[in-house]
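Could you have a look at this structure, given as structure tokens, before my questions?
In this document, chain identifiers A, B, C and D correspond to the written order of the chains, with residue numbering beginning at 1 in each.
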Amino acid sequence: MIINHPILGPRDAAEFVYKGDASLINRPDPQSDNAAERFYEYGYLRDNPAGLHRELWFHEQGDRSWLVVTRDTTTHEITKVELARDVARAEGRSR
Amino acid sequence: MTGKNRLNGGLIDRSTSFGFTFDGVRYSGCAGDTLASALLANGVRLMGRSFKYHRPRGPMTSGSEEPNAIVELRSGARKEPNTRATTAELFDGLVANSQNRWPSLKWDAMAINDLFSPFLTAGFYYKTFMWPKAFWEKLYEPIIRRAAGLGSLGHDPDPDSYDKGFLHCDLLIIGAGPAGLAAALTAGESGARVILADEDFVLGGRLIADTGMLADEDGAAWAAETVARLNSMPNVRVMSRSTVIGAFDHGIYGMVERVSDHLPEPAPGKPRQILWRVYSKRAILAGGATERPIVFENNDRPGIMLASAMRAYANRWAVSTGSAVAVFTNNDDGHRTAADLVSKGVKTTVIDTRPDAPDTADYETLAGASVTNTQGRLGLTAIEVTLSSGTTRSLTIDGLGVSGGWNPNVHLTCHQRGRPQWDEKLAAFIPGGTLPSGLSVAGAASGAFSTHAALQTGQAAAVQALGDLGVKSSTPDLPTAEDAPIRVTPFWHVAGAKRAWVDQQNDVTAKDIKLAHQENFRSVEHLKRYTTLGMATDQGKTSNIAGLAIMADVAGKQIPEVGTTIFRPPYTPVAMGVLAGRSRDKTFRPVRKTPSHYWAEEQGAVFVEVGMWMRAQWFPQPGETHWRQSVDREVLQTRKSVGVCDCTTLGKIDVQGTDAAEFLNKVYANGFAKLPVGKTRYGLMLREDGIAMDDGTAARLADDHFVVTTTTANAVPVYRHMEFVRQCLFPDMDVQLISTTEAWAQYAVAGPNSRKLLQKIVDPEFDISNDGFPFMACGEITVCGGLRARLFRISFSGELAFEIAVPTRYGDALMRRLMEEGKEFDVVPYGLEALGVMRIEKGHAAGNELNGTTTANNLGMGRMVSKAKDSIGSKLSERPGLNEADALKLVGLKPVNSDDKVVAGAHLMTKGTPVDAAHDQGYITSACFSPNLGCHIGLGYLKSGDTRIGEIVRLVSPLTGVDHEVEVVSAHFVDPEGERLRA
Amino acid sequence: MHDLSPLTPLGNAEPSMETIGEVTLTEVTDVALASVAARLGREEDTRAALKKVIGADAPETSRHAGSTLRAFWTGPDQWMVEAPLETHEDLAKMLSNEIGAAASITEQTDAWCRFDLVGRDLFRALELLCAADTADWSGGEVQRCSIEHLGCFVLCRDPSTISILGPRSAAGSLHHALVTACHAAF
Amino acid sequence: MRYSGFRVIKEALTGHRGWGPAWRDAAPKPHYDYVIIGGGGHGLATAYYLAKEFRQSSIAVIEKGWIGGGNVGRNTTIIRSNYLLDGNEPFYEFSLQLWEGLEQELNYNAMVSQRGILNLIHSDGQRDAFIRRGNAMILNGADAELLTTEQIVARYPFLNVNNARFPIKGGLAQHRGGTVRHDAVAWGYARGADQHGVDIIQNCEVTGFQIKDGVCTGVETTRGFIGAKKVASCVAGSSSRVMGMAGMRLPIESHVLQAFVSEGLKPLLPGVITFGAGHFYCSQSDKGGLVFGGDIDGYNSYAQRGNLPVVEDVCEGGMAIFPNLGRARLLRMWGGVMDMSMDGSPIIDRTHIDGLYFNGGWCYGGFKATPASGFAYAHLLATDTPHKTATAYRLDRFAKGGMIDEKGVGNQPNLH
């Protein structure tokens, strides 16, 4: 596969390490009252769609960026690649 | 003249004659021959035996789709089983042998199977060999296994080397026939980066096998000129002997270049083959088409082959495949073969299934007739023809060409599960469904069969592809060429034929297919799996369609209703060696060496693999005959005086930034915010699921600068994890991470005299006394008169100990200096084993304890998981299942009888309970002989272990025959109070 | 001045050098390295400071620039600085003084081994080693990629000079891979 | 019709006219007691044992394509019970015992070949781990033997012991492990289930569940609604898709695992062997092909095909231990969709919806588990209590912290 890195352009997916569903960015608030339940769902439940999937890839043999790749799991077609850091900020994560 | 069947003309070099042997008999052929063409030229038709019935077989084709003529090529360590004689290039001294026969190809004892064929129908083995039960492994299976299989693989390591490489292009063109050449010419002239790949060693596709004219020159000449023209273009890379084996995601193609297979052996330093990973923006499949046979009684004898193959042997290789031949056809192309043969002076008769067959004065045509049987034990001698009148006529011939029409080579279009679609006019499957992204198809592969159509569609495909890339293409003039219409009347199998072969290599007959249908194996995939149709080394290139047709016939359906099977990579079988490339033997993976590696070699150290690292395991001294002697000495001497160990392999990560401390608070379960500058702290890192991930230390060199260490094994995953936390979870933290594992040579200097030793090399302005540099202190210093170094007062051994780091290039010199200066203390270097012994004696957890299922609670570090702050893993570590009352706890174990061993991997049982899984109490993680305690000791996990100190439990290892009593003790065997550390 | 003598990544006192066909392969040990990673919000300050240090604009993505002191891009707002070891043994400290708190500086001199390939058509060896498309590199390019399972930097100094930086501890394996590829290609 | 050698001979002499269909193609009835979704090995085995062992009738297996078209027809045919953890080992040992009698049970020769499986050991730490595993196997009633390198070389004389990057320091053998002709397992169970009255319905895809007030009463399919007292999902890689129609999210990701077969060769490998310092496991089929595989590609996929890097990684592993493989040729490669669970272990459980049951999360342990999975699932369906060897395979174990993590890699499916 080829991942079109937003900074570096097309790179062989073999340079990357896969983590999983991009929802892993949305780590629950440990202070929230149902934190235990939410951490369980965060840690263990997945949509696992047959179709568009937003997923995390780490450019280990490259610039060490974590990316959010939008890929169709039935065709492997990639329609969008973003820096995970930008996505995380956009989704309200900070520090 | 090489061979009695050699004709005039052809593309062989008669001036270069090659000697070769087949089954020990010497023959000679020419440069440009394949093994098959050379054997045929010498009058050898019998080249193999079929898989199941051991029927005599000769070449059916002249290319890579060959099912029958497969041999063991070369000898000794270079022997290649199952090699197609039809593609093996002849070279001087080539050695080939027939396979899957005994004692000889002519007299094969296993041919007896042919007599028993009524019993050996499709799937018969699923219905028998069941009784008695034990006989399967002992009797039936060994017999079946010995009878099965084709060629045999040698035991010697493959002596050749293989390379892998990476190519980039705008346009990859697969196949160098008329369509591919036209496409390459067009794209090349347009300045695009082009790769033109063809599996053959002479480019031109059918142009070099046929006699058609392009404008006023013959096709082969035009092909040669065009190839020369392409070779002269710097932006075009023409690659012959290069098979595109698979279409993978996003325009990546796998291609195998056979660099040296046409040579007796590869030139020094050169690979046998190269696996190219081709990155293409666009690709054109111009892989041509494959003629298909017609299925009739005894259609598998040597001498019976595809009509197009007969034509190719005559035209390209100047080989006559019979003195008197017939062509059995259902389409006009069969007549082209007849015409070519007649023009070469071969007496030819055409048997055309079509009543309205074209007629000519050049040869006899039997219209509306079909071949209903054949004779000849080891090769064709005669055929029986049933004429349109119904009467039969026997023809005494030694060659029969069969033409059932042509199938486009759609294989690559299926590699991403695209499904071919049926074309009624061509009576063939053409590319359909979703093609691999960026791939288009031209020429015969797309169903454009005439040479004219091939040239035009090739150019059009190139123009289209370049257009997609925004490249304006020039359209060079293409020569005029034949544009004969396709006239084919589907005719798949002669009615009533039983022992008529559909898949010749796997011996699947028309009858087998009917039986599969009768037993409800009706989906194409069931048919394939039940009869093994299309599962042979040719992947059904010549058999699948006929199989479908017969299935459709029995099911009373149309072929497209029955469906089609999709082809899988690779296009043709690929040597495992080239898929591995250079990653084999000692170079399977890189070797990482520590800074003291070369010094340790001089000391005669014994090394051990730790991941990719090579680490000194122990340093044998003269007179030491057993490793234990060395290790015990290293341990005792370190605890008594001082020892030095290379611990460079521990991961080191530079953590900097104004939020560095806050960041470490997130990734470590315990707190780091309040760690003062100049101090080091042990840190336990959890995965988000609450399980211990890694442990190490973090040294605070400045407010905004930490140096974190990880275990050797986890250096990379921990760095990746920290980057995830930094970029994805806390993107606005000001923290930067840099791995510095390799930058520093780091040595543990341990033992009561470690300070004294270090004081001799640490520059005087630095006070490393217990007050000036207490336990867990760290700092940047200089040594040996000004060399920058880092000093940490941390201890894995439990002794007064330091770790000192200098720039890696000085690591070797520092080790030598430490040994020199340490002489007065009888300093010892110690290896991984002694390191392990001392950490077990001290009760420090390591990889065996941090096995990915243990929690801080198991490790006895539950209290370290700070509730005061949020850290990765803290929440999920609270789950009840991870905090049960009888949870495993890390304990020490010591044999009751001091001679008994403690074995890592042994399980623990409560005394008096049965020894079984239900009563399992835990297991030993690490064990060693402790020279300090004078007995074996171990660390292990025991249910409620922390409350069972003093209890005697059973240590059992039925696997290694161990069963004795051990006492549960504190994991801290040595200096439990930690006084030595602080001395 | 201390009296310890350094070892090259290949384990010798002097850097190795060999010729394969028309191509020379040299172990390079006289270059100091330090990484520069901009602090959050200080990216522009870091670029400005880096410009002062290398006498050229901080290199953009996948490029390198400079003269005596050079820098190459290693990641977003992150660079590696190269300097003569002779004069810049303590490069990291020197950069810290220059760049101050705008960036995190880390000594990298001994984290890497470096081999230079000099000769014509070097891409023919490189295409057997890594996925980088080096055929039309003209100078100034840098790409991190995997060579024989090792994470390496490939820098094009000029069309006939390529530097390959790899993990120092695996220098022997990397060197072997380069030699093998050169023999296969040339 | 009973199969036997005599029958084969009789039919041979009478033109094979007597062979009937191995199973009937049934048309869906409006209602069944049990509807099993998925005509793979597990689904067909479940139906077989439900009918035969638990004496249930009115059972249908519905399959969207053709039976045995999923992983049971795409795997590397290995059977073994060399597991470490108590949650797993008894179950896989039970499965191995069922394999041992399968042909006689089904009167179908699935070629269960107990030729032995061998895991190579390359480091001291690995030996410690394998000793712990071997002991766990024995304590659970399975067989295990620790072999020396010499013993291994005696069976595999071409093993790379002298020139290996990672030396071979012995191996853990399970002699009762081996291989089975994978397609025949599906066909044998289908034939057996059919003979016990199970309706096998091909080309029948589930499009939805009928769920009223927390009770599942049937499935919508491409061939109409089929009512059921109990609906049992058994669809491996499609688990998330199917259970998603019931509004459930699962602790599962679907990943592609590639498998490979070489050209046919005369007998080379006596048993099953796995490399311990890379990704490669291999056996030789009775037909002569080397059947081998390695790691999953590592990214979520439903595409039933993989990519080159893993192909290369697997062949590197093969060459690392068997340098003579260089001149053998890879013939065919394909991919299967694995239901990779969050701890690498399966789930056989009721769901929070009454009448809806779930079986999945097999990772690549699925094929060897086929008989026990079918038996245990049938037990659960018939009795609503888990089979004694499958008590740990609960859906709620992740919330409660009762993971069964053989590899110790945590909640990341692609690492299991």
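What we mean here is this: contacts are C-beta pairs under 8 Å (C-beta built on N, C-alpha and C of every residue); 3 or more make two chains touch, one makes a residue touch a chain.
All figures in this text were calculated on a predicted structure; none of them were measured in a lab.
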Could you quickly compare A-B and A-C and let me know which has more C-beta contacts?
A-B
Using CA atom averages as chain centres, what separation in Å is found between subunit C and subunit D?
49
With centres defined as the mean C-alpha position, give me the subunit A-subunit B separation in Å.
28
Whole-Å distance, C-alpha centre of subunit A to that of subunit D, is 30
Give me the residues of subunit A that touch two or more other chains.
1, 12, 14, 19, 40, 43, 60, 64-65, 75-76, 83
Any chance you could list the residues of subunit C touching two or more other chains?
78, 131
Multi-chain touching residues of subunit D, meaning two or more other chains, are 303, 307, 399, 411
Pairs of chains in contact here are A-B, A-C, A-D, B-C, B-D
If you look only at subunit C, which of its residues touch subunit B in the complex?
1-9, 11, 29, 35, 37-41, 78, 90, 101, 104, 106-112, 127-128, 130-133, 135, 148-150, 167-174, 176-177, 180-181, 183-184
Mind pulling up the subunit A residues that touch subunit D in the complex?
1, 12-14, 18-21, 37, 40-41, 43-50, 53, 55, 71, 73-76
Spell out the part of subunit D that touches subunit B in their complex, as residue ranges.
3-5, 7-9, 12-13, 16, 19-25, 65-66, 68-69, 73, 86, 89-90, 101, 103-104, 107-115, 122-125, 127-136, 138-141, 144-146, 157-158, 160, 163-167, 181, 183-184, 187-188, 202, 262-268, 278, 284, 286-288, 303-305, 307-308, 311-312, 314-316, 318-320, 323-334, 397, 399-403, 405, 407-411
Tell me, which parts of subunit C touch subunit A in their complex?
61-62, 74-76, 78, 131, 144-146, 151
For subunit B, which residues count as touching subunit C in their complex?
161, 163-168, 268-271, 274, 277, 279, 582-583, 587, 589-595, 597-598, 612-613, 648, 654, 656-659, 704-705, 732-736, 738-745, 782-788, 806-814, 817
